């Protein structure tokens, strides 16, 4: 597409121009301005690297500044001991990344507020350690480096670092790894069910962001030739880069950059115009951002719709060339399974799950053979969704075992189970809301069993979208879809993972009769044409009765019937618990 | 080690001062616990409210020489109103946003407030440490010395805790507050206006912190920038004691106070503040959802 | 005149529409039912009647007055009570405190002692368990607390959202008897249920919602005779 080519080359031209301007700057202006731009570059690196964790991956890390401080300290202490410059810089990167990796183990167990608060405490903890471990850090007096005038070389290093930061952001926004991050931000559980192994993504992202912040700290320490615990780990300063990124627009390519430039300029003005209360005004600005600009300036409608700045506000989505004519067929690019009715795809042996004292699934034993379509029914709270969660790895069974193809998977992670070819949809659709329909499907395609390259995944997403009737919504953000569209997107995403066994959780409620019929046809086609085995939880019998081979009925967490549809519907127990006291007279 | 360093008398003395410190910590934590439990707001500026209250109390004392018991009401009323307005103007509107944006908004607003309040107080009152130098008789029990003022403060904290407990247990509004903590929808269909309950709780939590601020300034020096470390302590305490659990919070507060006191005396004062941070991280990691009586998720 | 009338109600959950066009009429003193499959919009309808979900379109008339813009407390004060889905008890508070919370508003607060006595008379087991935390009770007993809490508000219209989920079969009978007794005292009841047979045992009149729209309504006799009703309701064709 022509538009994409222009936008790509515009980015390239912009980057080259920025690099040239940064190179030429010290020749043109005085040291005061150079040092201002230097501070700006450092602030940008901190803010942008922070935003990889928040804006892309969705974790509000309030302790990011600590990595900056750790980098600064590692560098300064090594340099002071006579270590050459380059290894000292390398050590800053190493120690900051190491600290992040070590911290990852505990802190990623936390979510939301708790994650934010726990990370925030890391900053004062580092300040205390830096002050108290005076043998190592020289305590609260700080570290003074031999005074060398290094503004210009430091400035060039900072420029290179800032450009590298921007390039990394660009890369992350368009790479497979970046899509794993964005999937995690949007819905961690669905990301895992789509085949993304969560922990490595989180550790690498945090370590990467720490490495950049650590190097920024080292360059700053080198330029300033003095650091102390207060400046490197000050809680008041620590949140400023974060506020900058949020002011501009977290998660947007230009968000942190715009925010840093604005806030740093404001700070300069305040420094010049005021000799007191700078902190108060600063704090006020942060309060106002929190209150009025939750998505940042660039997402503010007045800015996003303006001709001048609108292009800065654009969200980053994958630019996919159209499919070539050859692959335009309507066949889904799935490996076709030859159906062997004797083969057992899934077996649950006395699987049990309890929450506290409440047993949600009680010794459920079922066997699912290849090519079957099995209906799973039962009243509210009978354990259907919990059983799905057990099979797909969201929970581990408290007792009992689950086998796929004869391999026990009871203790597998959800992403491993997805890799074995178990796909699932959710009753309440859970699309990756900030991604487009194409991207949502592609995430399943590239991380699921198919393991397609990102490019192929983005292309073939179109075929899956067409299969469920979303071909005209490919470039629409998933959270803007209607409920019906979200439901079929669930199916498309799950299918793109290339499952051999598909768990479908309540689709028909909320759909019209025509839509339900269409959905039934999809289910039938997925089995007949591609050999996918299906378990379908559904309340609407008419939908099930058109397509299922067999009905498994749950009540109170136990299987009370497991028989062909007609037989199950005559079963006394089923009628009693599921439909009421007496069998239906209506006929 | 010298005999004096190891003696029982000294140990008792250190534990006593830890009790006092822990009691004040518990008061700070009550406020945060109410605010977090009911309004679901993690107020990062909570400790800063204490710091500012302490500084202002000390200024009032310097200017008027009023008895601290008189300063408390003079301070609590405006802080209560401030808390109410702060919540109504800044925090309440966040409720209509998505979860992630609400968290970000809360963090930004409360940290912004932290920076602003400290700076304004620093400019107005100066950054130096100050206190309320109330003269006090000293009681001697053998080799143990206890100031009468400190005993009164301890008694006051105990009385306040009991009053608060009785209020939450028996008063209609107190029960409504607990109900909102446990199940906001359940409370709403009983006729509780959750939104005003949240604003009033935020105000009351701030008022409690003002009381704690005055008491703190009588015993220890305060400055405008000490707030955040108190927020960390308060959060550690409610995570250990259980959100909305007053008895647990009191016990956890006292434990932390005594632990800090012992550390400061037998090791070094500079390591005392590390305890709460490390404890908090360890607890969060071992119990990612906290422990004690916990809200339903 | 009908006690409650819902006209063309539409409700959104965030950006998603949950109700399109719900119509409902409940006469004073009636035992009415609101039936439908999972996700059809039954709970949302009750939530909108009591004011927990804002109505975006349509009207909710209580005794002929439009209450659809009033806050929850005002609607409760008019005499509406809700036993919500999942009971929503204050699990760490005692049974006694839970019941008293039901009388939070001014008018019922004045008659607290009398109402409490009548609730204990209805569910004697709650008197024995009064001091225990509500969370420690069995499912059926918790349901009794939830019904009792709603009764403490002296409602004239009692909305019940699937009160039999997680209740042992024996206790279902007991709860059903209590509901009959409540209705006999003149309280109008609107029961939301998935189980049509159980519902039709109790209600005199029912409406069926499907995908956020009312698709059918009629008296019990008419519905029971309607050969297609059961089939339509379950989608058994």
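Letters A, B and C mark the chains in the order given here, with residues in each chain numbered from 1 onward.
Basically, a contact is a pair of C-beta atoms (placed from the backbone, for glycine too) under 8 Å apart; a residue touches a chain by one contact, two chains touch by 3 or more.
What you see is a predicted model, and the numbers here were worked out from it, not measured in a lab.
Trainee: By count of C-beta pairs in contact, what is the leading chain pair?
Mentor: Contact tally peaks for the chain pair A-B.
Trainee: Suppose every chain is reduced to the average of its Cα atoms; which one is closest to the average of all protein Cα atoms?
Mentor: Chain A is the most central one.
Trainee: Take the average of all CA coordinates in subunit A, do the same for subunit B, and state the distance between these two points in whole angstrom.
Mentor: 36
Trainee: Just give me the whole-number Å value for how far the CA centre of subunit A lies from that of subunit C.
Mentor: The computed centroid separation for subunit A versus subunit C comes out at 40 Å.
Trainee: Just give me the whole-number Å value for how far the CA centre of subunit B lies from that of subunit C.
Mentor: 42
Trainee: Quick one: which bits of subunit C touch subunit B in the complex? Just the residue numbers, please.
Mentor: 50, 52, 71-73, 76-77, 81-82, 84, 88-93, 97, 100-102, 104-105, 109, 149-150, 153
Trainee: Spell out the part of subunit B that touches subunit A in their complex, as residue ranges.
Mentor: Where subunit B meets subunit A, its residues are 42, 44, 90, 93-94, 97, 99-101, 103-109, 111-120, 122-123, 228-229, 232, 235, 268, 270-271, 273-274, 277-278, 280-281, 284-285, 288-290.
Trainee: Quick one: in the complex, what on subunit A touches subunit C?
Mentor: 379-381, 427, 479-480, 483, 506, 509-512, 539-543, 545, 579-582, 584-587
Trainee: Going by the contact rule at the top, pick out the subunit B residues touching subunit C in the complex.
Mentor: 172, 175-176, 178-179, 182-183, 185-193, 244, 293, 296
Trainee: Given the complex with subunit A, which residues does subunit C contribute to the contact?
Mentor: 15-17, 37-40, 162, 165-166, 194-198, 201, 211-212, 227-231, 234-237
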